[in-house]
Each structure stands twice: as C-alpha cells, then as structure tokens.
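Below are two complexes that have chain A in common, paired first with chain B and then with chain C.
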Partner chain A sequence: MLGYALRRIVGLIGVWFVAIVLTFVAVQFVPGDPIVAMLSDQSGDRALEARLRAEYGLDRPLWVQFVDYLRNIANGSFGLSFRYAQTPVSEVIAGGLLITPLLALVSISIAVMLGVLLGVFAAVRQNSWADTAVILVLVTGISIPNFAMAAFLVYVFAIQLGWLPVAGWGRLDQMLLPVAILVIPPTAYIARLTRTYMLEVLSRDYIRTARAKGLRQRLVIYRHALRNTLVPLLTTVGIIFGGLLSGTFVVETIFNIPGLGRMAIESIFARDYPVTMTIVLLFTVFYSLINLIVDLAYAALDPRIRLGQERGT
Partner chain B sequence: MRPGGAASDFGLRFRRNRNAVIGAAIVTLVLLTALIGPFFVPHDPNRVNMLAVWRPPDSTFWLGADALGRDVFSRIVVGARVSLTVAMSVLAITLAVGTTLGMIAAWYGGWVDALIMRTVDIIFAFPELILAILIAAILGPGLTTVIIALSLVWWPGIARLTRALVLSLKEEMFIDAAIASGTPVAKIMWRHFLPNIAAPLIVRASIGVGFIIMAEATLSFLGIGVQEPQPTWGAMIRDGLTQLRTDPHLALWASAALGITMIGFNLLGDGLRDILDPRLQER
Partner chain C sequence: MNRPTIRAMLRGTAMAGVVAFSASAVAAQELRTNIPADPGMIDPITYSELVAGDILDNVYEGFVGIDAEGNVVPALATSWEGLDGNLGFRFTLREGVTFHSGRPFTARDVKFTFEQLLIPGNRGGLNARYLDPIVGAQAVKDGETTDLEGVVVIDDHTLEVRFSEPDVLFPIYPFYFMDAGVIEEHGEDWFNRVSAGTGPFRIEAWNRGQEVVLSAHEGYWGGTPQIDGVRFVIVPTGDTAVSMYEAGELDLVYAADTAIRRILRDPQFDDERITAPAAQIQYLGMNGNVYEPFQDARVREAMCLSLDREAIIQGIYEGAAFPLYGQITPGVAGYNPDFPAMPHDPDRARALIAEAGYPGGEGLPPVKMQTTEPNRNLNLYLASQFQDILGLPVEVEIVERGVFIPAMNAGEVALFHWGWSAGFPDALYFLSQVWYGPSPYNRARWQNDAYDALIVQAQATADERERYALYHEAERILIEDFGTCGTTMRMQVAVKKPDVEGVALTPFRFLHFGDVTINR
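Coming up: the complex of A and B.
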C-alpha cells in the first residue's frame, strides 16, 4: 500500500511539472506583445517600455524566464499580472481562492449523498413507475447543460416566483441557485451509476443468501448491497469532480460570483495570461489531488489495484 | 447464420429499446433541421432589424427577435448546423487520430506505446473542459479553434479504448494466421482489427457527440467559442440571460433547443450501448 501511494505521489509531481511546462509554453504562443498592450497610449515611450520589459523579465533569454516562472510558483507569488501593473498574481486571485474550492467540495458532497439515495430508491423499485420517473429526471439532469438549466431555474425561481435573488454572492439565499445548478448534473450521473451497479449486485448469490437467511430488506440493501455498490462508484468520483470544476466557470459567470472560474474567464478577455495560467495550474493541482485521494481510497478497498493490475477504463 | 442475420437482429433489438427509438427520432429531427432547415428559414438569421429589437414571439417572428432584431427561430435553426458541424468534425478527426494511434500503440508496444500512452495520460490529468478553455484562450476564438480544442481533448479517450480492445484481439488465432500468411500490417489493422472493434467505438462516439455539443455550447457561452455573427445556441443563451426578466424568449428557446438535442443524443447513446455492448463501462 505504501509503495503504491509513493508511486502515485511521484506520478503526481510529474503531472504538475508537465502542467507547469505546458502553461509556460502556452503563453509563448499567445499572439501579440503584452508589454505593447500594457503601454497602449504611451506606446511611443521607449524608456518606459524597456523598464516594464525588464520588470516582467521579458527581456531575458527564454530559459531564464522559465527559471523565474518556477521561482515565482515556488514562492507563491505566481509572477506579475499584465492587467494590474506591478501586482502579483497571488494578490489578484486572493479573493477567489477559497470560494471555488468550497463551492466544488460542497456540491460534490451533496451530489454523492443525493445521487446514491436516488439510485438506491430507483434500483429497489426496478421497472415500477417510480423507477421510470426517476430515470426520466436523471436523463434530463445529465443532458441539459448547466447554463441552459440556469436559464430555466433563474426564470422560474428568481423572476416568476421571486423566491431567490437573480445573482450575487455572500448570503445563503444567493448560494442556493448556483449550488443547485452545480449539483444537479453530477447527482443525476451518480444516481444512474448507483442504480446500474445496485441492480447488478442485487442479482448476486450472496444477496440471495442474505435474503434466504431471513434478513430484513433494509438490512440487505444497506448492509450488504450498498457497500459493494460504493466501491466501483468511487472510481468515477474523480471524473465527475472534473466536470464540476469546469461547471464553476459557467456558474460563477452567470451568478456574478467572485471565484476563480469567473476570474479565469475575465483574465482571458483582458489578455492577462499570467492570471489565466495560474488559475489553470491551481485547478489542475486541485483536480489531481482529488483523484489521488480517490485512487488511494480505492486501493485501500480493493487489493488488486495496489498489487499492480491496471484499472480498466 | 443466414445472410443479413446480424443486421436484422440489430434492427429488432433497436426497435425493442425504447431509449434508442426516442433518441433516434430526436436526433433525426435535429439532423434534418441542420441539413435542410437553413434553406427554409423564414428570415435571414443575420439580418439586423432595429425596429424588431427584443420583439416578443408573434406571427412574423415565431420565437421573437434578439438584441439586434434578428429572428430567433431562424438563428436557432442555423445554430443547429453550427453545433453539428463542430460535433461531426471533431468526431471525424478524433476517430481517425484516436483509432490509428491506439492501434499503433497496441501493435508495436515498447517505446512507441509508452510515448503515445504517456501523452494520453498527460491530457487526462487536466479536467477536459478546462483544457479546452485553455487552448481556446491561446488560439483565439472561432469555429476552427473550437474544433481543434475539442479534438485535442477528445482523442485520448478513443486511443485508450482502441488500444485496450486491440491488445485483447492481438492474442486471437486469426491474427496469428494473418501474420503467418504475410499480411501487411496496415491491412491487418484495416481488415482485421477495425471491424472487430467497431461496435464499442460506435457506442463511444455516439456518447461523445453529446459531450462535444455541450462543450461547444459552453465555450460559445463563455464567449471564447464560435463568434458573431454566426448563430450558436451557447452564445444565444448568454445574450438572453442578461435580458431574462423582460424578454425571456431568447434564453429559454435556445436552452430548449440545446436541451432537447442533448437528451436525444444521450438517449440514443445509452440505447446503442445497451444494444451493441452491454458490458461496456460508462465513462
């Protein structure tokens, strides 16, 4: 187990390094000169241009710039923003640093609990009208993109009924709609998987044995069947989390939430590439950490994984 | 087995699968709309009409007009074509690249395999939509950018699936026989591997269409996808959201078009998976 964990952590550091190299290379391909863009109306001022170029380190050879980039990541400043002159990226994004991870973690927790409950509910009532109704809701929940869902929900709950605010952040009632929109697609996905795995487990011999020895239905479902459903479900949580992180870009933009997702989109339009790349890096680190935790949990539960057999995709 | 047995068996199982039938009906409707709809739209989708700004739905503008007085119905119909153009292009590119690289990796093994699969691993290390946003940000918005960005994030899945399928096929007798009789590698791949891995690839592709349409709409919604004046559902929803209180028709109808299309492709994908390959895991 320890060996497996070590191998995974070394792999993780490799992924981070590749992500750092990729974001650095990406900025080199961006069209236009950021310093010229910053100067705008003072573009004739050669002295100022040279001073800015030196300040941002853009007058130095590429490999020195890369070492600077690494150093800035290591000391946590992430370099200087293009949009807010002389301001470190860390200061620009500080306000959103807690909002987005919190939003994502709260949403995934709700989605897992709600999804498993719905899935079990549908599975034990296989082929009944309740099952069909749940499946219909699930397909809709998985299919409709979050911003289209937002249009409907905002229209009904904020505009027609007037129960909830249209946008904003800070108060509890302002969080309800964004969280709901982030939660619905992963909930539907998890519920559908739970239903499928549950039906498979319920057809196994040990379930028949449990029933034959007279265990009550609830005990069979929650003690015997659910446990064996949760293990394969765990492997998909990482992927679902990736979708949820991308969802924060959209939801934060719609509801005017000052998180990292909205900042990333704004920085793309402002051509503030240091900010864009820092946020992409942070999302990648966050995503890979969640995946590491999921994989370690899975390995702890299933010895075949840590003994070196690859998990099927 | 009698001639055509496999085909009619497929037809029978297809007709019995409720999801597949409903999905196929919706997908056919969307495909027809995209193919011939633009020839029959009541208005030029890009014609600006300052007298019709935010006009609510009526007998001339069936679904109302947008901020520039353009007909929403016509733009939704033409938007279907933009959506499907992206989806089909990405699908064609990723299937070609993904299956080729997947087969090469599985066939040659060694450092070729390692090189291809490590590249795949790196792309998988990023959340797919965030990687697409990053690529779109670098290349600048536009239809081509969207196709490139989504192709780059979608091919690794196809390659990994192809590799896994070919690795297990490689052990089969008929492949040994083909090698022994001196069949060229390209021919083995084309004639022996491809037909045998087609079913799971079709399932994967049909599920992929939904993802690609959603990803294109998301990029366009965020403003880094397909650009004006080309109508796209994502951008229409964005424009409509700001006006939801007074003129909800734009956002709601564009959302409905996107939602119904997604439901159609997902139902069809689910149905095809049940029919063609019941054991295939969801991803």
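Coming up: the complex of A and C.
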C-alpha cells in the first residue's frame, strides 16, 4: 500500500510539471498582449510600450522567462501581477485561496450524502411514483444551467422573500444560495449513479441470501447493499469534484464571492497572465490531490486494486 | 523555498477569514455603492485606471475640481495667473487645508507629488504625462536628480510652475496631491496603511476581492462629510449589483452596460434613476490611407449622411444614448451647444456617391470594418446601412481588443466606429488627441493644415473665451470636411435609493461623495 501511494505521489509531481509547462506555453498563444491591455486606448506609444515590456520582463527570450517563472513558483511569490501595481500574485490570490476549496468541499460532502440518500430511496421503491418523482427532480437538476438556477433562486429568496442576501461572502447566510447551486448537479448525478448501482447490487445472490435468512429490509439495504454500492461510486467523486471546481467560476461570479474562480475570470479579462496561470496551476493541484485521495481510498477499500498494481509492476 | 512568503500568504488567508466572518451589520450612515473590480492600486502615484479613479476622487484632490455639471471649480488652488509668454503659472493655494494625517497642505506637497510622479522606478501613472512641459522634468525622469527644477516653492501657499513650452491647460489637469510627510512616517509602502490626501474621505481598508472602505475626514476644508463613510463593494456582474440594490444591500449603483436595459425598463426604478451623458466622443473612422475612396470628401459625406442616429439609439442602445454631431461633448469646457445637427439623408447620400463616380456603389471595392465582440451588433447594423444606401460592400471583422486597438492606432483599419473618453474637462482632450495631425491617436489619419494650426494656437491661448472660439472653429472645419462625424454619446445610468441625497452623476462619473446625506 505504501509503495503504491509513493508511486502515485511521484507521478503527481510529474503531472504538476507538465501543467506548469502547458500553462506557460498556452499563455504564449493567447491573442492579445498584456502590455496593450494595460495601455488600452493609449497603446501605440512605442517608447512607453517598450518601457513597460522591460519592467515586466516580457522583452527577454522565452526560455529566460520560463526559468524565471519556475523560480517564482519555487519561492512562492508566483511572480508580479500585471494588473495590481507592484503586488506579487501570492498576495493577490491569498484571500481566495481557501474560499474555493471550502466551497467545493462543503458542496461535495452535502452532494454525496444527499445523493446517496435519494438514490437509495429511489432504488428501493423502483418504478413506484416516488421513484419517478425523484428521477424527474434529478433530471431537472442536471438540465437547468447553474446561472439560470442562480438567477431564479436569487429572485425568489433574496429579492421577493428577502430571506437571504443577494450576494457577498463572509456570513453563513451568504453561503446558502451558492452552496445550493453548487450542490444540485452533483447531487443529481450521484443519486442517479447510486440508484443504478443499488439496483444492480439488489439483484445479486448475496442479497437474496440475506433476505432469505430473514434480515430486515433496513439491514439488507444499509449493511449489505449500500457498502457495495459505495465502492464504484467513490471513483466518480473525483470526476464530480472537477465539475464542481469549474462550477465555482460561475457561482463565485454571480454571488460575488472573492474566491479563485472569480479571480480567474477577472484576471482573464484584465490579461493578468501571472494570476491566471497561478490559479490554473492551483486548480490542477486541487483536482489531482482529490483524485489521489480517491484512488488511495479506493485501494484501501478494495484490495484487488493495490495488489493488482503491485503485481503488475 | 521562500518560507516567509508562503507564511505571509497563509496569514493573509487566515486574516481574511477572521475579518470576513466578523463583518457585521452596516454602519447606519454609510453609503454603499458598487465597483466592478478591485482597484488596480490605491495610491495617487501609480494611479492609472478607472476603478481606482472612482475611489481616489474621494480621497485626493488637485488644483481644481469639477461641479455637478462638469464645470471646473477651484479646489486646492484658489487662483492662478500665467507667467510671461504662457511659460508657466503662479498658483495661490488654499489655506487651512489639512491632510488625513492632520499635517497642513502646502506648496511643498505639490512639488513633492510632481517629483514622485516622475522619479524612475515609481511607475508614475496617468498623471505623470501632464508634467512633460515643466522645466527639468526630463532630468528627473532620467534619474539625474530628484529635484524638479521648474517647480518653485515661493512660500507655503504660493507656487510657481515654469514650462519649457506653453501649456495653458495645466491648472485643470486632474492631479492628486499627496502628503509629503507620509513616506517618512510610514515608509515606502505607506499606501497599505494610510491614505495621504486632503479629500473628504480617507481610505480605511481594502479587503481584496470584497470591498474598499472609506471613512469621513473630519476637518475637510469643504466641511466634514455628513456620512460616516463610503463602502465600495466589489461586484463584478452588473446584474448582481442591481439585485443587491433591489434587496437593499446597496444604496447607489452605477450600472454596467449589461444592466442598463433592466434599469431603464423596470418602472420600479422610475423615481430612483439618474442619467447623464458620458464625456466620451464616439465617431466614425474613415481612413483614406487604407481605403482609397475615403480620400474623397464626397464619399465621407455620403457615409455620414447614411447614419440614422435615432435608429441607432433606439435599436442598438435601447434608449441609453444621445445623438452626437460634433466632436465635443456637453460637460466638457468648449462644448458648442449651437453645433448644427447632421441629418439622416439617404437620397443626398446616394447622389453624392454617384457624384464621386460610384453610382449605386458601382466600382467601390469592398472595405473591411473592424470591431470587438461587444460592439458586433452596432457594426453589423452600420455595415448594412452603408450597403443598403450606398451599395458599399462592407465586411465586418470581429477582432480581439488587444489586436484591434493597436492596429487602429497604427492607422491600419479602414473603417471603424470607436470612441475616446476625456481625461479632463476641456475639449482640447478630444480635438488635439483624436484629430490633430501629428497625434499618435489620430486613428483615421485625417489631416488638415488649417485645423492643425488652430489646435497649436489654442494650446497657447490662455484666455478661455478666445480659446473656446478656436475650438468651435476647429470642430467646424473637421465636420464640414467630413473628417469624421460624431455618432452618439453613451448615457451613464445609475440608481439611487430615495433616502440618499447629494449624489451627482457628472459626465465624468460620480462627483466625490462629500456632500451626500442619508436619512435612514
């Protein structure tokens, strides 16, 4: 197990390095020029452009810029922001650093609990009206785009009823709507998967055996069926987490939450490349870490995986 | 690995958490308004963008300010007189003005501000460019000295500024004077801790991504503000800002383009709306160097007569614009209220294009009209008008802003519709930067010797009435030669709660909030 974990962690570092190279290369191909963006209508003053280019080090050969980029990652400053005068990227993003992971983790926890409950509920009542109702709600939840749902919920709960604030961050009541929006799609997804896996498990022989020996329904479901449903479900959590992270871009912008997603959007529009690149890297790190955790948990739960891996190498 | 940086980062995060979660109810007498993004900076030296300007206008002041109509009024200078040959000014500064620190404002602070703007490595922003005519400015820029020779402190409240070439507009440039003692007291990064202006508000806090908080400057020379402070809440989406306003979370909202329609259409805002034209010209650029038929004034006139401004205003801007015929907007000194309107006259346009040798557009090569994505609809409409009325084959090309503007400034775009926002309230800003022959921002490359001579003359004419007459003459030449035609002016739209008084929306966005009262 330890060997497996170590190999995965080493692999992760490789992934991160590739991400660093890719973000650097991608920025070189983006149309538009950060210096021109800074000057906007006044661009055309060649001397001023040249001065700014030199100040930000953009006049140096690409490989020198890349080495500099690596050095800035290593010293934790991530370079200077283009938009904020004399401010290192680390300072620009510090405020949002914990907000987005917090939002994502809270949302995924709620989504897993809610999704599994709904899925089990629907599965054990297969083809009843309750099952149909749950499926209908789930399909609706997946189908309505998050920005439309957000506008609707804000209109009802904030403007009409006045129960919740429209936007902002810092108080618990300000978290409710954004988390709700983030929770809906993964809940629906998890519930559908749970229902499918559960139905499959319920048709297995050992369930019939459990029932035959007179176990109560509740025990059959939660002790025998659910556990075996959770294992395949776990692998999908990593994928869902990726979707959640991208959902934060929209939700943070609409609800005015100063997290990394909103900062990413702002930095893209302002051509603040160092900030954009850093946020892309951070999202890569979050995503790969969650996947690592999922894989390790999976390996811990299911010995076939880690043994298979060890035998294979 | 540089540990302190990482630690500082984590500490920042932890603190943001603490601050955020203890933020409680809003103070009773606080004006809450929106800004679309974090300011790029909050110091008066590197200041170089719009959002920062919205905040700093409340915190710092220059020789002059503007009133609600956009007229120049004295601020930190009470009067000034020109030196011989227009080679400078002698300013009399206001007495009894104190900085946020409590130190008195004197002529030395003005000199200090100018020097700070010029010293290399300080990255002097927008206001540095106004200092070029001062004697010795280049020496400071080159790092040879930090003493700006041409600015002479006569006594605490008298200052002489000497030029190497005349610049009659110098007194109205929008400077932000800063407290010369602040660096000694708080160090090079003083702006992270205090503000150093004389304005009605001081900067209390900037919580990145969330808000900038100002508090009243007791002892402000114009009278201590009657509100406790201003909270600029950072709201990137226009719709969210309007929703927050509806829910009572904001008192005043400056509407983003995307939110204007909602505010204009919804009757609940009828009594809370404020509108004003923006000090921004919009015009049709016809570059004869790139597209040869534009060298013929008849073709340019035909283009201008094809414009249906009323249709543009109603159809494209949904009412949120005003017609513009000349190249000076109201609220900018030198505006000519009697400037003749230009008709929408398709028949005459057709006749002119035939006269120029292209009857029904026959023989006109295709022309490329470039613009950016947000302006797609307007440009497609204009192109269809040129096509329908004149038979001019127009190809609209949508390009990235960062590609479009440099190309336009380099004189490489044949046909475009674009604008220019005034940086200070004088018509020379439009006339000398956009249409003066040698200007790098003369994007259509229209050139006229009589016009250029008038601009040069105006730049050396201190008497305002005389100067404005020159502006009017120059504007007349520009439009009669169809060097361009004005199209529309943007309408600024804001909403304000009924219990808030004293907010003024000028052609230059909001006036500072020093006169605001709230009856909650």
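Throughout what follows, the second predicted complex is superposed on the first by the 281 of 313 C-alpha atoms of A that agree within 3 Å, B and C clash if a C-alpha of one lies under 4 Å from a C-alpha of the other, contacts with A are read in each partner's own complex, and residues count from 1 in each chain.
By our rule, a residue touches a chain if its C-beta (ideal position, glycine included) is under 8 Å from a C-beta of that chain, and two chains touch if they have at least 3 such contacts.
Here the structure is a predicted model, which is why all the values come from computation and not from measurement.
Chemist: Quick one: classify A:Ile265 as touching chain B (first), chain C (second), both or neither.
Modeler: Both partners, chain B and chain C.
Chemist: Taking the superposition as given, does A:Thr253 touch the first partner, chain B, the second, chain C, both, or neither?
Modeler: Both partners.
Chemist: Based on the superposed arrangement, let me know which partner A:Ile159 touches: chain B (first), chain C (second), both, or neither?
Modeler: Both partners.
Chemist: Check the residue A:Gln42 against both partner chains and state whether it touches chain B (first), chain C (second), both, or neither.
Modeler: So A:Gln42 only meets chain C here.
Chemist: In the overlay, answer first, second, both or neither for which of chain B and chain C A:Pro88 touches.
Modeler: In the superposition, A:Pro88 touches chain C alone.
Chemist: Applying the document's definition of touch, where does A:Gly170 land relative to chain B and chain C: first, second, both, or neither?
Modeler: second
Chemist: Which partner chains sit in contact with A:Pro31 here, chain B, chain C, both or neither? Use first/second/both/neither.
Modeler: both
Chemist: Just checking: does A:Phe17 make contact with chain B only, chain C only, both, or neither of them? Give me first, second, both or neither.
Modeler: Touch status of A:Phe17: no partner.
Chemist: Which positions of chain A sit in both the chain B and the chain C interface?
Modeler: 31, 151, 154-155, 159, 166, 253-254, 265
Chemist: Using the touch rule from the top, collect the residues of chain A that touch chain B in their complex.
Modeler: The touching residues are 15, 18-19, 22-23, 26, 29-31, 139-140, 142-145, 147-152, 154-155, 159, 166, 192-193, 196, 236, 239, 242-243, 245-246, 249-250, 253-254, 264-265, 268-269, 273, 276, 280, 283-284, 287-288, 312-313.
Chemist: Of all residues in chain C, which touch chain A in the complex?
Modeler: For this pair, the touching residues of chain C are 1-3, 5-6, 8-10, 12-13, 16-17, 19-21, 23, 37-38, 40-41, 43, 46, 48, 123, 125, 207-210, 233-237, 239-240, 243-244, 246-247, 249, 400-403, 405-406, 409-410, 420-421, 440-441.
Chemist: What residues on chain A touch chain C, complex-wise?
Modeler: So the residues of chain A touching chain C come out as 31-33, 36-38, 40-45, 55, 74-77, 83-86, 88, 90-92, 94-98, 151, 154-155, 158-159, 162, 165-171, 253-256, 258-259, 262-263, 265-266, 270-271.
Chemist: Once bound in the complex, which stretches of chain B touch chain A?
Modeler: 121-122, 125-130, 133-134, 137-138, 140, 160-161, 164, 210, 214, 217-218, 221-224, 234, 237-238, 240-241, 244-245, 248, 251-252, 254-256, 258-259, 262-263, 265-267, 270, 281-283
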